[in-house]
Structures are given as C-alpha cells and as structure tokens.
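Next up is a structure, given as structure tokens.
When the chains are written out, they are named A, B and C in that same order, and each has its own residue count from 1.
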Amino acid sequence: MRRERGWILIPVLAVLVAVMPQLRDATGFATSYVILASELLFWAALATSWNLLSGYAGYFSFGQGAFFGVGVYAMAVLTVRMGWDWWQAILVGGVLSTVLALVVGFIAFRLRSLRGEIFALLTLALPFILLAVARLNDAIDGGQGLTVPVPKVPGWIGTPQDFFFVVSGAVAVVAIAVSYWMSQTRYGWALFAIHDDEDVAEAIGVPTFSHKMYAIALTGVIAGLAGGAYALRVGFVTPEGTFNLRVPVMVIVMSVLGGRRHWAGPLVGALYVMILQNRLQTLKLEGWSLVILGVVLIALVLLAPDGLMSRFARRRWTVAGVAVLGVLVPALAGAFGGDFVWSVASGLLLAAFVGFLPARRTEAGEAGSGAVAAQGEWADAPASADEVVVETVDVKKHFGGLKAVDGVSIQVRSGEILGLVGPNGSGKTTLVNLISGFFPPTSGTVKVGGVDTTGMRPHHIAHLGVARTYQIPRPFPSLTVRDNVAIAIMFGREPKSLHAARQEAERYLALVGLAGRGDDLPGGINLHERQLLEMARAMATRPKLLLLDEALAGLNPVEIDNAVEVVWRIHRSGVSIVLVEHLLRVVNQLATRIVVMNQGTVLASGEPSVVMRDPQVVSAYLGRSADAQGH
Amino acid sequence: MEQAIQAAISGALQGSLFALMALGLSLTWGFLRVINLAHFGVILLGAYLTIEWAGPTGLGPLGVLVVTVPILFVVAAVIHLLYDRFEVSELNSLLISYGLLILMIQLVQNYWTADFQRLPGDINPYATRSVSVGSLIFPLPTVMAALFAAVLVVGIRLFLDRTYAGRALQAFGQDRQIAAAFGIDHRTLGILLAGASGATAAVAGTLFTLRGTVTPDSAMEWVGLVFAIVILGGIGNVAGTLWAGLLVGAVSGLVAVVWNPATSPLVVFSLVVLALIFRPQGLFRRKAAH
Amino acid sequence: MLRVTDIDVFYGDAQALWSVSVEVGEGEVVSVVGPNGAGKSTLVNSIAGILRPRSGSIEIDGVDITRVPTHRTCRAGVAIVPEGRRLFPAMSVRDNLDLGAYHKEARAKREETLEWVFSLFPKLADRANQVAGSMSGGEQQMAAIGRALMARPRLLLMDEPSLGLAPVIVDEVFDVIRTVCSGGVSVVLVEQNVHRALEISDRAYLLTEGRITMSGPAAELANDPTLRSLVLGV
C-alpha cells in the first residue's frame, strides 16, 4: 500500500516545458532535438487521452483520429478562414471534440447489445466518416489542404519551434495530470472496475454509464487540444493526413507498450516509439517503422499485455537509475559522435532490459490457506424492528417462452436468513438478478425498503442497501484484494477517497478473515478466499440485505464450516441474508426460514425442518415414481 | 427518377464488391470467433499480385486467380494458425490482426511504393466496357463483381449446407463443446475455413483492380464500409452479407445523387447504429435460432 | 466396459469431484443420482472428454481415454445426451442427426442407423427438416438422444433427460432408454428425478457434494431411508 509519489514528475515536467526555451540558449541544444521533443510530447498527450477510455476502462477505440482530427480542423478552419487567434481556435477545437465524443458515447454506451468488439469497430468507422465529410465539404477543406499561419510568438519564448514545443508540452502536462488525478480518485477507479467487470461494478454501486461518459469526454477534450497543437506545429493539414491509420496505430502501440493501467504508461510508450522512429529515420529505414510497430504490437499482446510500466514499477529506482546512467554516461563520454538521441536510446534499452529481468521471489508465497480466524471490533447489532427489507410482488421474468420466474411474492424481513432452494432451473438465480436489478421484471414489482425499484439501475439499488455475491466469484482481477473492497467503499452511499477507503477496507477483510491478504491479487488466492472476498466486498457497500448466490460451491468440508461461521458473523452484525444454496445440509443449519422454488414458482415456505418434509418438496427433489404419478 | 434508379443499381453493384470483401471476414468471425483485420491485407495482396502478374504471365487478370487463390489460401491459413496457437480472444484477435494489417500495408508499400497502381489498359479489357439494360448503363467490372459475389455466396452456402465439413463448421460455430464431443476437430476445419476466406480475398482483390487504381492505403479505406456490411448482414450469415452489400451500395449511390456524396457515409453508418440498436443479430436472419 | 477410477475434477481451483470411482458393465443401465450441484454433470462431461480430470483415470474396455482430446473420445464408443439437450439450434433435425454420425466408423453406417433412430422416434422423421431450435422441449430431447445414437455408441451418457419435460414425454424417453440398453448399449443415466431413475436402472450411485456417498443395486437404494436424508440434508 505504498503512497503514490509519482505526481512529483508532473510539476517537474511542467517546469521543464516552461523553461526549456531559456535553457536552450544556455545549453546549446540543437533545434532538431526541440522538434523531436515537441513531437514526443504531442504523441504522449494523444496516447494518454486515448488511454483514459481505452486503457483505464478497456473500451478499445480505433477512433482517436476522429477526436484529434476535429481539433486539427478547428485550428485550421478557424485561423485560416475566420482569422481567429490560435488560442481561441485550440480551445474551440477542444470543445467541439468533446461534443463529438459525448455524442459517440451517448449512442454507444446506451446500446445494450454493445460488446467491446463492436464498440471498437464502430470507432474504426468514425475517422472514415469525417474524412469523407472534410474532403468533400469546401467550407472545411474540400480536398486541397489548408495552410495554418505561423502565429506571433510571445517574446519570452523565442523561435516558433520553441513556441510549438511549449504548446505541445502544455497539452501533454494537462493530459498526464488528468490521467494521474484519475488514477488516484474515484473517477479512475470506476473505470478500472468497468475494465475488469462492468456488471459487478454496477452491483457494488458504480454508476458505470456516467463514468464512461466522463472518460470519453476527457478523451475528447484532450485529443481535441492535442489536434490543435498538432495543426499549429505542422502548419499544413490535409484530410488524408489527418484522418488516417497513423493516429490509432501510434496511440495503441504506445499505450500497449507503456502499459494501459498506469497513468505514465502512454508517456513511457511514446518515448520508446518516438526514439525508435527517429533512429530508424537516421538509419534511412523509416519504411520499416510501421512493420516494426506491427510486430511489437503483436508480440506485446501475445506475450506481455501489461506493458513496460508494470515491469518498471516493481523496481522503479533501479530502472530509473539504469536509465539515467545509460543516457548520461555515453552522452558525457561523447559516444555516438555526440548524437544525444543515441544516448537516450541506449538508456531506454538498458531500462527495458532491466525491466524484463525475471522478478525475484520476495513474497512468502502461498503459505497455506490464508483465511485466518477473523478478528475485529464487529459489534453484534441485532436487527431492531421487524421490518420488511425486500419484497417482491407477483414478480415474473420470461425469456421468450421460458418462464424462469413466474409470479413470485416473497418478503425478506430484518434479521432473517432466508434459504432459497429448489432444483436446477427453478429460477433462484433469476430471482436474485431481479432483486439486484440486473434484469427488469417482465411484470410485477420489487421493493427495497418500501421503494419500488422497477427501472432503476443496479448501482442505485446497491445504494438502497442490496448487495450480492456471485456463484462463480467475480473479483476485479487486476485489483488487489484490499482494493477490491476499497472500491466498494469508495462508491458507497457516502463517497470516500481512495486513501480513506483503503484504510476502512481492512475492517471488512478482518470480518471475513482475510486480514493479511490485502496485497495479493485475486488470482493468487484460492477459491474459498475469493468467495470470502466477495462477501467482504458486498459487505463494504453496507447493505441491509446480502444475496449470497451459491457462496459455498466447490469448497471442502473445513472451508464450508469456516464460510458458515463468516455468514453467521455477517448476520449478527445486523444484515439480512438471502442464501441461495445447493447444499441443503448447510441451508437447514443456517436458515431461519426456507423458500422452496420449483419451475419458477414458490412451492413451499416456512421452518426448515417442516418445509423439507413437505411431500411436495420431497417429490420436487426426489421425483415421483411412475406409479405415484398414476400410471 | 431514371437517374435515381441508375444510381441505386450502380451503387448496389459496387456494393457487391464490398460484400465479396466482407464474406471471408464474416465467415471467420461467425464460425471461428476471430475478427481478422488482416483480411484486408490479404485482399490488398490479391490486388497487387494481380497487377504484378497479369501482364508478364500472359494469364490476364482473371487467369491470375489460378495462382493467387492458392497462395492467399495458404497465407490466410497461416495467419489463422497464429490465432489458433495462442487461443486469442475476440478482442485480442482484433488487436493482433490490426498489427498484422499495418505490417502488411507497410510491406506492400515498401515493395510496390505508395503510388497509385493500375492494370495496364491492354490487359484489362473489362475496364472500359459496360453493360446496358434499356437506357441504364453499368460498367462491366461492377457487373462482374456482382456475378462473382453471387456465385461465391451460393457456392459457400451449398458447401455449408450440403457437405459434412460445412455442416460440422456450422455445428462448431453453434456449440463448440458438443461439436467436439461428436468428433468434430476444430483445428483442421478452422484452418480450412480461414484458407477459404483467403481465397475469397484473392477474388475480391483481383476484381478491385479491374475497376481502377489501388494504393496501399486502399486497405484502410475498405475497412469501415466492409465492417458495416458484416454487421448489417449478420455475423457469419453468408447470404445476409451479400444483401447487406447490395443495400449499402444502393443507399450510398442514391444518397450521393439525390443529396450529396459527403453524406453517404453518414447515412450508411447511421444505418449500422440503428441496426445495432434494433437488430443486433443483423438485418437478415437466416433461420430462427432459439 | 467403463471404469472410472478416483477422478478429481476442477473448474479452475474449484473442486467439483473428489476421488470419484464408477463402474458400468456391458449392457448395464447405471444411474447417478443426487441433488443439483452435486457434480453429476461434471462426471458425465468428464467421461465424454469435455472436461479433463486432474487426477485419476477413465477407461473404456481397458483403454485409457483420460488424456485423449475431446474430438477423439467418441471413437472409443462414447456418446452424450447433454443437459439442456444442446442441439445445434439453427440447423435442421436431419443435420443434427447426421452430425451425430460425424466420426468415421459411424459415418459408414449412417443410413442404417438413421432408419433405426427414426423407428425409435417416428416423430423425428416427420420433423427432419425442421430447425432444431424451434421444436418443443420433448422433441428436442428425442433429437438429442437420436443424435447420440447416430454415433453408434457402446456407452450412452444421458444427462438429465427428464428435465423440464411433461410426464408423458418422460415416460417415452425412459422407454427408449430401456429399448436401447436391451440392444447391448450400456447407459449412464444422470437424474434429479431419483425414483424414476432407480426404477429403470440395474445399479445406482448417489453423488452428494462431489463424492460418491452410496452405491448398490437400484432397488436397494430406492428403499434405503438414508438416501432421502442425504439428498434433503435432514
């Protein structure tokens, strides 16, 4: 749980960008370096903006060229045809691009049938549409291209090249600052959760639609600004040069290479890609740069999808030290004929090499079953009044001809552990999905604390006090055990900061006996622990009702006993529980009341010992002999 | 009015060429669950190889197919081996094949330059001819594209419905586990299908060169329209792909004439968005499933 | 004929079967009963080669098929009627049946087998050209059994054939099971409908919580009160 201190790099970068023009006279840096640096910062900005939606939230987009292109053409059209100042044009470009992004997001994220692949393909078409519009529309371009005038450069900056550097640098600093800020706040964490499992994100209270809209809007505004900076810098724009395959290739390769989950990933990726391209140019091999980028992309996706930053982060000081030495030693020694870019390239290569060295095994490993006896100050809070926590009224859910749930009316009262049982396909899990709001009912109503929840989004229902676990545990795989719980706290009824949520998470981990496993990833703990993690995460939303869907499936007897103990503890803290379970032995032991479902309807309900002797229930489970059916 | 009919039919004929491009993509997506952007690279190769070999070999543009079809069959099958070996997910196949596509485009550009290329007039007798029906006139290459598309669609449909391998592929696309339990080996069939889609790419590439010029960037220009056709036609739906191609072509042709050419892509992609909202399984459902 | 020895089967790290052993003799009907979630489907899917046990072995006539790829297990003479039928929904009944006879030996005898299947289920002959997904549950169940028979199995695995069917159809299905096994085919029958399953079986296993908890002649199990308490947990 290291505090993130990387933000220090951002003011450093900002200061560097601001004072660079002055330093240049003192150090005698060549203009070609400034040009390279401006280009690098531009790509870093664009790749970072892409990463906000496509990296953080996992909605892969090939459409970055469209948002970028709107910025480019806003700059070109407004300065050339309307005579605006560059700074007005760049801001308007940012706004227009945001509007486009919001329109795309509003259409795409409203589609129920939309899968990631379809989103990617839709965005693939976007630049293509704008290309046709720009090429054929004389008010925009008309196919001839536009020459953007060189603006008057402020006195303190010096040459136009320095000016372009400052503008690109400013956009990059904004982009990286936004990216960092998001990675430390609810806005970014909502996207991380969406990336890992969007349904679960909703279920723990993340308003997924609005957060995707924030993300795409930020992507749009930064890409628009970067587009304006680009148009200013290159001075001549054409539709084909703007809405082409270069932009998506570059931002995708940069982000995948650098690491999509880290705020600095796209920056690092941009550094590598730009230096590579530059060196290929000096070697007269620029025709091979896309070939190499293609191969790099394929190799990364297959072999190292996490990118460089995830490797660097493990030994950040070593990597930084090696990189600095790798740059400075040859530079000061005057190696490579004094060509500074070669020195940078050598530093980057060394850093990558160190990053890919095999990791030392520092952890204790999987030292036995980590689920220890729970501790913590969990006061027993017996439910006060006998109130109805959740109620379904004649609720039905039909899938085509299949009547999965067909008129179920049940009430869950405070202080109850309601066992929901029945043969396969009797509709238990569908009922859970109806209560937690994942399916709208075909008819009937579901009420939570007396509030009709029909038509509410699941995160809304989570805030009303309904939490759930899944039959097959669905922790967010890329978040640590602690952060899995923390994210539920961040998006609870009262929003909390990441830091506060992480501290509070310990309490819930202790409740289920996972204290000490907080730093592990879900992939590194066993099934039993993942099921306990699901319970901790659900409890962190501070529910009134917890829906446990097959929380004991696949466990051995010792683990079952432990899980039962945890369920008792949760119940004693004042939470009502609906227990969907195949293990009738356990249900009979835990439940205060049992509801038996069969073929979508309630067959019986009451005391466990009574219900399980009901002849109808017995025959639902054991079937009837042919004779008993009257043949 | 007559102008509109001419525009719609010309557009539809052009659309059939894009349907031809979409065929292989739709098949591998629908049956093998890979979204293979490299398909466009294979089409591009088909086009360039046609221009390269049609004259010197004396085979002519259509005769070249004898050579390009087997070559591109192998190329596509080898690409599929990569996906199969690493068991890539749908989304990752999109990324990997994107890498392959830019790589192929760049290689084509390095070898053949970025300049426009076309078949010399003396070995492309089709370019200047046209077919007239009453007062309507259609360029011969687009008519040929429509014929080839129709023949291939019928052929593939027959293969899928009438042969054991074809039906096994369908079964595999509908339920992999159970198909395997009945002895259907996905690996051999998958490579066969991927190769077949490469063969359709060869045909599409050749037909593209009959009508005009090609550059390495042509591949990227096809992508949007072709995916629109795949989605509208229904993923894996062979006949639907052809209908969608004709529809998209006719709509673009009409819009371009009665409104203006700049709006036609907007209209086409609005259609795609609407289709995704109301008919996510495509406009032309073949048979009722479930 | 079938010998399953001490198999452990996992889904990821969730263990579904714990050291399960089952034997089926030539021409025998053996049922595997138990509450849902007990691992019955996991067992038949493992025998069919769809799931792979982490340890233990599965032998057919003494030949180990534990590590054979899924698409080769059917050559050993195993065919499955999966839970929920899982026909190829967009294809015709005839196509579904033909695909049952996909592997080489079965394909050679396809026409002959088809006649036999149509004689068992005359309705399927009428529905041969109908799209499988559009038929009623009972008809689909018959098609699924027909598809499995087309593979000319010596061991037929039936997973919950009565699930969701009307009692009359269940009778019909169970009649067919009897007919099939009288022809020398061994049957493993997985059922939630314990009583019906025991009625037509020679022997039975009770599977609870992933373990075999009872086994013996079907008639004995049917009258054993512990069966009920194990299933209902009371």
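Here is the rule we go by: contacts are C-beta pairs under 8 Å (C-beta built on N, C-alpha and C of every residue); 3 or more make two chains touch, one makes a residue touch a chain.
In this text the structure is predicted, and so the values were computed from the model without any measurement.
Measuring from the average of all protein CA coordinates, the nearest chain centre is that of A.
Among the other chains, C has the CA centre that is most remote from the centre of chain B.
A straight line joining the Cα centres of chain A and chain C is 43 Å long.
In this assembly, the C-alpha centroid of chain A lies 35 Å from the C-alpha centroid of chain B. Of all residues in chain B, those touching 2 or more other chains are 290, listed in ascending order. Considering their complex, residues 11-16, 18, 35-38, 160, 162-164, 167, 171, 191-197, 199, 209-210, 228, 231-234 of chain C touch chain A. Chain contact summary for the complex, chain C toward chain B: residues 48-50, 69-75, 79-80, 82, 86, 88-91, 95, 98-100, 102-103, 106-107, 131, 133-134, 147, 151.
Residues 60, 62, 107, 111, 113-114, 116-118, 120-122, 124-125, 128-129, 132-133, 135-137, 240, 244-245, 249, 252, 256, 287-291, 293-298, 301-302, 400 of chain A are the ones that touch chain B when the two sit in their complex. Put simply, chain B touches chain C in their complex at residues 164, 167-168, 170-171, 174-175, 177-186, 286-290.
Of all the residues in chain B, the ones that touch chain A in their complex are 35, 86, 88, 90-92, 94-96, 98-103, 105-107, 109-110, 217, 220-221, 223-225, 227-228, 231, 260-262, 264-266, 269, 272-273, 276-277, 280, 290.
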